[in-house]
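Okay, here's the structure, questions in a sec.
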């Protein structure tokens, strides 16, 4: 009889993938802190002076976290009803890629090129954003951003066109001798100026260049109003439409299909909307 | 009998100038990508290291695009009922000026001064903006920007006056030895600071200059609210007025007069409002 | 009999001080362009390379403008019923101070220290702002700014307190060796950072300093929303309250008292509200 | 009989801790100016050139202020019914710590390390913020900020995550040779760029790095709209809800418990809500 085993797997599944049981929440919170700790370790390792003094401590800590992540990965694969679907999912690949580099370093040593691979671990922070659903479920802000996404994209595309045209003009006006060595660099400078960042590593030197730069700045200063206006109005609409509705989606417990990992099932749904697995 | 020929010309006219037939849309999309490709080529050519390695490829690609643009230009002239009107129109001149430089380079060689002429091709990107009508027809944002144009202009004019006055004061306070070598440069610095760009190529060194600079920054930080407020309110008004109207201008197919190229004919119009040509 | 003379003076008074007769408007527009020309001259004079080449032209032009301003000043004094009141008014002093420097340069020569005095002429640009009444009479924006002035002041005061506290902390953290040579300079740096200007002439070098700087930036990025929110809401209120009122103050002709120069008389007023002079 | 003495203590208590009697207001205003003067002294002392010339004046002034603060501190301890509660309160500790350093300098001399301790005096400026209640009591802005605090925190947290991810990518792309010497520094640079501050002490040098930097800037330029939109809408809600209510909390005199220093007692309250002391 496999019932006890299946029960064990189902329980683990609910803890690891689910978020609406006490154990599931605890698992997610521990995972969150482990990821933050692992990010801090990657950060500290990149600082040479710290790495020299605390190399052993950092190395051991990272091994502990790597093993924890390995165990978690194996459990995720084992408990999922369709393991391959998980393995090739976005999060599955990140989980794998963020765990492997440390093992590879065993064979190849602490080669500098591996630093890049290890930093992939950082992408696991997206898993934290899964928790954002609690914060964001009833969040008008997210809806406002979604509603204004198309308009902001058009706006940013227009900004890009302006940057290309003005960047080319600046390349012709200032030329290579003043740091505007090619058109892509000029466009980069134009974006730096238009967004009011203004590094100053490249700055116009000719009077005409400075005049055009002043126009670009005033333009950038003026058009920053556009995305702000869009978000304000959309958010205002979202906020007023929420007042009228009395549903609070944050209250609805979130179910997850143990078969295909689909989320966001309808309230009271008995079967998964994707694979018809019983919930 | 010239009917078949006229039909051929009319068909081409609808494809090239019109935007509401499948062939016309396809033509515009191809044109869009060709312009983007040509801009990328101009950009890459300006990067010395790339130009040295891929000079032949870039040169051939540009010749292909130049020939495509030439064919397009000739077809536009041939199909237009009043060719001279097209040739001396804004887009007609850009079309010509963005195509010629490559041919001139045949006789004069790749002289650096011609780079400026070739970059004029970039102005063709404005033709892409013609496609913006699809996006923008029902766009409240554009209307909001038009409605707030006058107010934002007054605001930017006020910013300019402030910049001139404060720039002159900074010139008197800091003087030539600290980089404020003349009043136009000081005004330029003042705009850089007021718009919160802050390159840092010129920065006040005296305590009094830094004090005034701090005031300018706080002023700039405070008045950035003004255009934002204008756009927010106008956009909000546009959004609420659209809800009440049930017309959707984006749905109305756009006609174009084959004689005088006039656009924006009334719905159901049978004759051009400019030249009485039958539509 | 002094009637013809008085008529002559009254007519000139209406032209010079008034703005609601064709001649008065023409006078103001000419004055506007003369001031702009004089500002451009002051600007160009400050550019050494231009001053060397066109010194004679600039000098003669400035003399012409100075003489025009002198004539205008004398006419203003003569036509005003109470000349001393004009002479010691704000605009009267600016008119005098912006005209004198050129005459002084006759006796003292083109000494550099006089450049500062000549630049005072720039303050005459405020007279242009008088014309702003035409633009601004029915302007909700100005009312919105007045309504939110108190709140924005409180906000900017809070920003200043934050800048002082954080600036002192940065002075302690970074110290003189990293450019934070004293507390006022650190506070200046803090304002530069908080307002997202970011010159980069001073930048934190220690990890702790960079961490605090990052917090300051995020703070500045977050609180820029405050003045924007204030202006948006106030402007929105102004805009909606104007819709309900059907008075258009821009239509009311502006009268000016020929005796005491008081403006903004009530519609249909027969006597000046300040000096009871008949209007 | 201790009545006269108690009366004396109670009167002083009302003056020092209370803010709704003429004497109490006067005390607060004098304290405000003394704190501002002391801050200016600390600032001026940190400027070497000023300190060298006016050392004696600055030193004596600081001793006077230190003695005033000492007297105030002793009076606060004496008049408070529960002195220890005051001494270990937040303001009590700041009062003590901001007064002590000058006395310590007597024994240890003007050692540079003490400058840090003396600067703690600056924290007393928070006491000024107590006066902010007058300004802020009926202030919709403060309520709007409180209402949007959670949303802005989520937003800033998201900004931080983006900064960490993009900072690591920039560290991999640019590397140590271009100033991105470790991940924390890259994250710091990313915050500098995302918030449009743009110091320019670190700037990307590789084309790929500049491309990613351009994306970061456009992202930062776009998402600045988010906090602005939040504050605008919340402030708008606060403003409209205030119009409907006719209570003006600023009018209610503020009482303070002479025993436990609790504030914000209900209108007409006869006993302290914390310690039942008669008010």
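The chains carry the letters A, B, C and D, assigned in the order they are written, with residues numbered from 1 in each.
One rule holds for everything that comes next: contacts are C-beta pairs under 8 Å (C-beta built on N, C-alpha and C of every residue); 3 or more make two chains touch, one makes a residue touch a chain.
Here the structure is a predicted model, which is why all the values come from computation and not from measurement.
Colleague: Could you pull out the chain whose C-alpha mean position is farthest off from that of subunit C?
Modeller: The chain farthest from subunit C, judged by C-alpha centres, is A.
Colleague: Tell me which has more C-beta contacts between its two chains, B-C or B-D.
Modeller: By the number of C-beta pairs in contact, the winner is B-C.
Colleague: Given a C-alpha superposition of subunit C onto subunit D, how large is the rotation in degrees, taken in steps of 5?
Modeller: Nearest-5 rotation angle for the superposition: 90 degrees.
Colleague: Among the chain pairs A-C, B-D or A-D, which one reproduces the interface of A-B, with more than half of its contact pairs identical by residue number?
Modeller: Selected pair, repeating A-B: A-D.
Colleague: Just how far, in Å, is the C-alpha centre of subunit C from the one of subunit B?
Modeller: Using C-alpha averages as centres, the distance is 34 Å.
Colleague: Using Cα averages as centroids, what's the distance between subunit B and subunit D in whole Å?
Modeller: Using C-alpha averages as centres, the distance is 47 Å.
Colleague: Of all residues in subunit D, which are in touch with two or more distinct other chains?
Modeller: 155, 184, 187, 196-200, 207, 224, 228-230, 232, 236
Colleague: Could you please specify the touching residues of subunit A with respect to subunit D in the complex?
Modeller: 39, 42-43, 46-48, 115-116, 119, 122-123, 125, 128-129, 132, 135-136, 139, 141, 144-145, 152, 155-156, 159-160, 184-185, 187-188, 191-192, 194-201, 224, 227-232, 234-236, 239
Colleague: Using the touch definition up top, name the residues of subunit C that touch subunit A in the complex.
Modeller: Going by the criterion above, the answer is residues 47, 196-200, 207, 228, 232.
Colleague: Give the list of subunit A residues in touch with subunit B in this complex.
Modeller: Against subunit B, subunit A makes touches at 151, 154-155, 161, 164-165, 168, 171-172, 181-184, 187, 193, 196-200, 203, 207, 210-211, 213-214, 217-218, 220-222, 224-226, 228-230, 232-233, 236-237.
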